[in-house]
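See below for the structure under consideration.
Lettered A, B, C and D in written order, each chain numbered from 1.
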Amino acid sequence: MYTEAVMDHFRNPRNVGSMENADGVGQVGNPKCGDIMKIYLKINDETIEDVKFETFGCGSAIASSSMATELIKGKSINEAVELTNKAVVEALGGLPPVKVHCSVLAEQAVKSALFDYAQKTGKVIKGLENYEPIDDDDIHCH
Amino acid sequence: MYTEAVMDHFRNPRNVGSMENADGVGQVGNPKCGDIMKIYLKINDETIEDVKFETFGCGSAIASSSMATELIKGKSINEAVELTNKAVVEALGGLPPVKVHCSVLAEQAVKSALFDYAQKTGKVIKGLENYEPIDDDDIHCH
Amino acid sequence: MSKKFYLDNAATTRVKKEVIDEMLKYFDEKYGNPSSQLYELGRRSKEAIDNARKIVADFINADEKEIYFTAGGSESDNWALKGVAFANFNKGKNHIITTKIEHHAVLHTCEYLEKFGVKTTYLDVDKYGMIDLEQLKEAITPETMLISIMFANNEIGTIQPIEQIGEIAKEHGVLLHVDAVQAMGAVKIDVKKQHIDLLSMSAHKLGGPKGIGGMFIRKGVKIDNLIHGGGQERGKRAGTEGVQNIVGFAKAVELASKDFDAHVKKLTSLRNKFIEGIKNNIPDVILNGHPTMRLPNNVNFSYKYVEGESILLLLDMDGISASSGSACTSGSLDPSHVLLATGLDHGTAHGSIRFTIGEETTEEDISFVVQTMKGIVERLRMMSPIKNDEDLYKK
Amino acid sequence: MSKKFYLDNAATTRVKKEVIDEMLKYFDEKYGNPSSQLYELGRRSKEAIDNARKIVADFINADEKEIYFTAGGSESDNWALKGVAFANFNKGKNHIITTKIEHHAVLHTCEYLEKFGVKTTYLDVDKYGMIDLEQLKEAITPETMLISIMFANNEIGTIQPIEQIGEIAKEHGVLLHVDAVQAMGAVKIDVKKQHIDLLSMSAHKLGGPKGIGGMFIRKGVKIDNLIHGGGQERGKRAGTEGVQNIVGFAKAVELASKDFDAHVKKLTSLRNKFIEGIKNNIPDVILNGHPTMRLPNNVNFSYKYVEGESILLLLDMDGISASSGSACTSGSLDPSHVLLATGLDHGTAHGSIRFTIGEETTEEDISFVVQTMKGIVERLRMMSPIKNDEDLYKK
């Protein structure tokens, strides 16, 4: 059902945990749908120095979060904002069709954390000018 | 499916054959329905001295014919005319429900042969006063 | 290979040795078509089916002539509902009463029948998964042709008061169909005493093979065929009989009837230890289903703040097989309709795991699984952004 | 025990050794529920089904996603006809075209569908059992939703020109369902080349287990479920899969595909010897079915002036299994609808015997059976009051 890479990131998730005094925090998802992702960023000099995640969700949600954090760690915020769900899926060697939404959630969690950082610092991040946090009430699960 | 007695009479039918100069001959049934029975009687002094049958039909038709001939052989015509299909079934130790009509046919074949004898000799056989040979066109198979 | 713990016996069971041995005679030895009564091989197959029918009939206190073999529980459920509905087609009866916690084989069939003008009432259940007999009575109308209620639920194990339901159905002159797929071998079934008119059965839930089941249809019940064709099953269910499967089904039933009471007692005791073990070792859990009116092999809990699939994947790494919701829906994304019907919120429903023990389960297995679960739940809760009920409900 | 001659392979076949061996892995070893994808045991079962689906798909040149497993040929036939009819329910299409010589699984389903407003045209056949393509064309109306024609007949073995039928169906934009239960393993099936939209299959006619079959449904064909419920078979056929049976079905198909040409050639040659043997040794016989466009294992004759059941009973005494008409109807009293459709009178039809040879049949077997038949027919003719055609037709 899952690729080796998914199972590896599920079994040994990278960057798990929370972060005190994070520079940006983003949470997306909804318990109703069965997955919530929260991403914490430590940003220094426009670079993502550290990243942590907490996830409530299925195997692919955990693996997607883990992979997403790996993909943006050490990157500039401009690189990070360009992370796509497709990149996450590819890095994981694929996800079952019904689970692709998990990678979408991971992308959104990263964007949401970057947006929080932008809001707190008053910076404008290219690509997030028109970003609007998703309202849970509008969410149709998957 | 069939009792021992049925199989015995099917395998080793008694009184098979035709008869020249029979005193009474009766044929009932219809190829359409899959069974025809023909019974030949040799009658002497109101007694059935000999009987033969020819049957086109299934195992129970052959067994019923055989059993019917055995049951009337040596009997008086007044006894023979009282042969019922029920007696044939009982003597055979039973017939499957869908095959009971074979015993009915055997009873009718006997009656038909006796009627033929009555017609030829002008005798009146008690029980056959109102006998009417069945018209094949009216037959609904079983 | 390390030890395996198969705890998903409600999904399917290992086929028992005695069942396999019995079945093996009907592959290349007695392989005749039971419809071929005019030769030896065919008669042997027919006898085998007749014998199997008797065993199944006896087990539920029915007459042999009231037992029909099908390809499984789903076919039986479909047949019961569609067969009765289509037999009443254009006869003014168009109403079915069922519950919100039926198997999809019943629920999706009811939905489908809407396009033929059938109306369905779905009865509620309480937090234990029990229906309300008063609501049932009130739901019956002059148009009602069928009540379809499962004997025991596959997910939460709750056992309904079928005898009382049967009395209500009888009083109102409405047919009662009971899905007994999970109840077979775990609960005493007596179609006479319980006033059941149609009963669905499946072999693979009690040590028999997959793809074979049965239906009890009370003499006189008007029902259309689901599968038309040859004259098999006294003209009611066409298709060359899966003789080997039928024989296997009957053998499984025979074995189940042999030590029924001891088996149920043993499982119940293990189940209770399992439930206590989870409750005492893991905080923030909710037992799903009824505390006592439940299947002797069912242990279903919701583990707050974590999600079920992750638990299953981690259990699998330790060789433990379990399920989140029913086997049919694991892998699907919506939380179980059964858990939602008992009033669980979606978030909590997502974190539910069903263990269903079997004949081979031991006390040691249970201790091991409880400890493993404790570790898994702790680990996932550490990873979870939800730490308490407030997190769960706040946006 | 004396030697047995099983010559009723159209009724069912002995399950092949390799098939049994393959199946045995799925009873108490890989017994998981294929819907349980989150643990090892479930995944093994799922893989087995996927693999089986591929084998069956390849055999008929279909895509894996177009293959659905069912409980046998009858279920497949029912599904094809009811599924298409109900999908067109209230859509203005209500006409089915079939033939007078279909299996009862098709004919009785058509009859049943009348109560839902479906109209059926039953095509005639000639004395060889062949349909007339012109009559087919003329029967098509704007209301026609489905043509259902069997690939090869189970009683007389006649093979229809399916490719031409497929072209006609395609031209007119009507779906084509083909009952290939008897054709599987005996005739090359290519659903693409032959323009087939739905195809019924059954395992037990080619060395597989009883109670399992399949259906090919071309991508895009609108069809209702026959069995609703869980999401098995991509939501199209509910019910826990009979994994062991599915695996056995696929193994039988695999074996059949391996030496297809050699097998067909061998059977054809034996069949021709058998036919010649009967013709040359027994007077007043009529070969039923087409002389060349016939199944390689089918030998069906009418023996004038005698009745079939008696022949079968006497054959059984010599250990020979055969059938009069189809297996479903032996034991029933009406002569076969197929033989009547070819123009045989009732009396002659009653005296018809079908031998269907198998892999294990030898030339010696055939010589023995021909001589036995000669004796049996002579014996019964001696007993018969019908000695010639005049007797047969006079009242």
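The definition used in the following text is that contacts are C-beta pairs under 8 Å (C-beta built on N, C-alpha and C of every residue); 3 or more make two chains touch, one makes a residue touch a chain.
A quick map from chain label to UniProt name: A, B = Fe-S cluster assembly scaffold protein NifU; C, D = Cysteine desulfurase IscS.
Remember, predicted model here, so these are calculated numbers, not experimental data.
Checking A-D, B-C or A-C against B-D, more than half of the residue-numbered contact pairs recur only at A-C.
Interface comparison, A-C versus A-D: the higher count of C-beta contacts falls to A-C.
Separation between the centroids of subunit C (Cysteine desulfurase IscS) and subunit D (Cysteine desulfurase IscS), computed from CA atoms only, is 34 Å.
Chain centres here are Cα means. That of subunit A falls 40 Å from that of subunit C (Cysteine desulfurase IscS). With centres defined as mean CA coordinates, subunit D (Cysteine desulfurase IscS) is found 57 Å away from subunit A. With centres set at the average Cα position, the gap from subunit A to subunit B is 93 Å. Residues of subunit C (Cysteine desulfurase IscS) in contact with two or more other chains: 37-38, 309, 313, 331-332.
Residue positions 1 of subunit A each touch two or more of the other chains. Looking at the complex, you find that subunit D (Cysteine desulfurase IscS) touches subunit A at residues 37-38, 43. Taken together, the subunit C (Cysteine desulfurase IscS) residues at the contact with subunit A in this complex read 305-310, 313, 317, 331-335, 345-347, 350, 382-386, 392-393, 395.
Those residues of subunit B that touch subunit C (Cysteine desulfurase IscS) in the shared complex are 1. Listing the residues of subunit A that touch subunit C (Cysteine desulfurase IscS) in their complex gives 1-2, 7, 10-11, 13, 16, 27, 30-38, 54-59, 61-62, 98, 136-137, 141-142. Within the complex formed with subunit C (Cysteine desulfurase IscS), the subunit D (Cysteine desulfurase IscS) residues making contact are 4, 6, 8, 11-17, 19-20, 24, 27-28, 31-33, 35-42, 70-75, 77-78, 86, 89, 103-106, 108-109, 111-112, 115-116, 202, 204, 209-212, 224-232, 238-245, 309, 312-313, 315-316, 319-324, 326-332.
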